[in-house]
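Same chain, two partners: subunit A is paired with subunit B first, then with subunit C.
Showing the complex of A and B:
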């Protein structure tokens, strides 16, 4: 049954470009939705399992965009290499931030605020650091179709890269969830002192979770920069941080299926509202989106994860019958 | 051989002296009861041994090794397990998962860890609860789960912080038998903090009495219970009445 649902998901992901009629604009939107969903899935590691309310996604996403873009623009380095380098750079920054934070035992709102500050700090640094970024957009050399350089004129190229990234992120996270590391992370979330007394090196496991998540968030940033063809310090975007945590919480903290499904649906709704209402009254789509979130949390304070899990359990049974 | 040695441990919280020059030994294979009135420093002493609190002065030695200042997970790796005075369950996990966390300390392989967890659950009698979430259990059950996950780490020294507080007399007797089995069959050294005299006096080879952060008496249960200083500490001194 599991293989069938995996196969179904893979076919659905592969079919989307044709469902939107290979329209470049829609391809761009669905790629964005999958990119942001990837961050939400990776965020589960630190937020859903590790229990740290991380708001640093925008920092790692931006770092991925700037590092990958910088290497492509200035050295003609392939985007693929750029993704790996930027992922490593983000994991390095995550280590530098995470090590003292977890050593000091920063948690809850204090951790949330300090991780959010990272977004703003990095944005200012790269605005001032004109050798690398600066206030002007830097354009990545155009190529009609150059898969080695990771640059293409059509968005379908980026769509499939992103779909593959989302699928592998989901597999990595679900594998970690079932492993000793996942069990340890959840025990940390549930009670740090008790976990520590059972031999769990709390700092080490939190740091691991943070580094894997930041690596993946940076990769989404690198793909984004290559897709839009430029990079700029505004890609250090605190909205991405908020959106990631919000979608993961509404999707169900620590749930495997809820966050990606909810994230894809809500981001699609958000884009739809933006397209249809965004020009009618400026900001109306955001108001409606906000109301949707509030209503969900009012009626399902634990998010939609438990609901989706029970639906997923019922579904295979009805198929078998 | 000594499982645990405390040498001149002192700890102040601001102006309050929680522990003053405490010297203590626990030999391998012993069951030692640590008693004393509320606020005597028993839990602080536990926190110092397990690395949650750093002593201001003094050394902690486990099985001959100086472990002062190590973190709790490092203490656990050296063979110490502990239950907490106020239970610290993993509410969002099943009993099985909870105990498995402990088992992973010494069993890297998943199958072995599962086996180890099952042995610990059966010994403590929570195996039938294995698929229940901790949030569905009552306090006596949570205490047993806490004991099970501690045992799953395969400790050499087990520290029990008021494990029978709030239990019925029948449950206390069952716990007495269980702790004796743990000591006799698994060869685990036990240090326990307790207020329930029925339990301490039944199970301890030796009792150490703390009062206002100082060791005021030490000896067999009968010696200690007839010690005047101990009676004073519990019932109040003559000068005070």
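Showing the complex of A and C:
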């Protein structure tokens, strides 16, 4: 039965471009929604299972955009190679920042703040580092359709890359969740001291989760840069960090289906509000988005995950928590 | 050349100390709420940003001079504090840190975009005050408005310290920072205590918003800068004392001023936040803190 729901999801993802009538602008928006949803799903590893409220998504996303873009612009390296290199670079940065942080027992608000600080530090470093980025946008060479270089004039190309990334991220996360690593991570979230006492190598599993998540976040950044055709230090965006963590929490920490479903719905609502209200008053759509977030968290502190799970259980092809 | 550099260095240090004096007030509000009510307010920086905008609004509409804006800002932000407590914080007091962070991040999103919707993204600065003059001590220039801002901050912190040491309410607050349950068992109404703490915390923010405007203009993203900065100060100071906050603020004011003055103004955030991360790694409990 499970294969049917997976097949259904795959068909739905594949059908979206035709549902929006192959309109380039709508394709751009749905690709963005799937890109940000991918980060939310990957964030579950460190936030939902590891219990660390990471706000570094903007740093890794930005690193992906800058490294992939830099390689494409300066050396004509294929974007596919760029994605792998930037993912490795982000995982390296995550290791450098995560190793001392976890070793020294940084937790809760202090971990959240230090990861947020990382976004702004990297943004300013690349603003000052003019050999690589600097204050001007760097444009990636245009190609009408060059799948080897990973550049295309039509957004549908990026849509399917992103949909494939989201699907594989979902599979990776659900696989890890059922593995020993996943169980260790959940035990860390529930009670770190107890897990450590029972011999779980807390630092190692947190670090693994952080590195996989940062790799995926960097890949989303690389796809973004190639899709919009330029990169700039403002892509180290603290808003992506905040959006990722709040959507994951509203979706339900540690739930498999809640976060992607909630992300897709709320991001679609956000884009809809942006188109309708954002043109009237800039920022108004985000005000409403903020109100929605506060209200859900106030009244459903566990997020919407449990609700979505119980709905899913009513169908024969259920996916358990 | 050498003498010039010496003068520039002294000037930069003076600026740093004055700046730190103002930061202290902003950080004190955060330390108070975090210490007494054990509440993680991730939107603290956004309240500072809002206070800066209100200082701007009052100075261009009613007062014509930013010096008088605290007269409105302090009671207004006390009221905003009371409303925030009753509407949101009250439900969060006993919640786990993750829920507190999540809900206050929601407040952050709300306030930041409210500011964007009302005032748009261009920086807003108040008109010059009558005190916007300067005098010189030898080759060093001392701006009067910034000196005044520091003095106001120091006097307020001194009074706050007296309040915490000498009054019943202040003692209850300090005791609550040590052990909430004991305070509650002694018959203190903790709900009322936390309500007043939130009010005072945001009243301090209201005043600091007026004072920070003597240094820089405000944009909707100023909240992020001041949020991280005040958390960094609290991380360095710990939650122990007013004196600790003051010293930590001056250290950050100096770092800020030296980074902008001797290196590159765009590099100040690298220095400030880099320092923050190092502090968290080296002294997770703060320099003067008890926790």
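We adopt the following convention: the second predicted complex is superposed on the first by the 316 of 321 C-alpha atoms of A that agree within 3 Å, B and C clash if a C-alpha of one lies under 4 Å from a C-alpha of the other, contacts with A are read in each partner's own complex, and residues count from 1 in each chain.
Please note the rule applied: a contact is a pair of C-beta atoms (placed from the backbone, for glycine too) under 8 Å apart; a residue touches a chain by one contact, two chains touch by 3 or more.
What you are looking at is a predicted structure, and each value in this text was computed from that prediction instead of being measured.
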Worksheet item: In the superposed arrangement, which partner chain does A:290 touch: subunit B (first), subunit C (second), both, or neither?
Response: second
Discussion item. After the superposition on A, what does A:191 contact: first (subunit B), second (subunit C), both or neither?
Written reply: first
Worksheet item: Does subunit A have more residues touched by subunit B or by subunit C?
Response: C
Worksheet item: So, A:180: does it touch subunit B (first), subunit C (second), both, or neither?
Response: first
Discussion item. Output check: A:254 vs subunit B and subunit C. Expected answer is one of first, second, both, neither. What do you get?
Written reply: first
Worksheet item: Taking the superposition as given, does A:282 touch the first partner, subunit B, the second, subunit C, both, or neither?
Response: second
Discussion item. For A:100, using the defined touch cut-off, is the partner it touches subunit B, subunit C, both, or neither? Pick first, second, both or neither.
Written reply: second
Item to complete: Going by the contact rule at the top, pick out the subunit B residues touching subunit A in the complex.
Response: 50, 52, 71-73, 76-77, 81-82, 84, 88-93, 97-98, 100-102, 104-105, 108, 110, 113, 146, 149-150, 153
Worksheet, complete the sentence: Per the touch rule, the subunit C residues reaching subunit A in their complex are 40, 42, 88, 91, 95, 97-99, 101-103, 105-117, 120-121, 220, 224, 228, 231-232, 235, 264, 266-267, 269-270, 273-274, 276-277, 280-281, 284
Worksheet item: Which of the residues in subunit A come into contact with subunit C in the complex?
Response: 51, 53, 97, 100-101, 104-106, 108-110, 112-114, 116-118, 120-121, 124-125, 127-128, 238, 242, 245-246, 249, 253, 281-284, 286-287, 289-291, 293-294, 297-298, 301
Worksheet entry | Of subunit A, residues touching subunit B in the complex | 180, 183-184, 186-187, 189-191, 193-202, 254
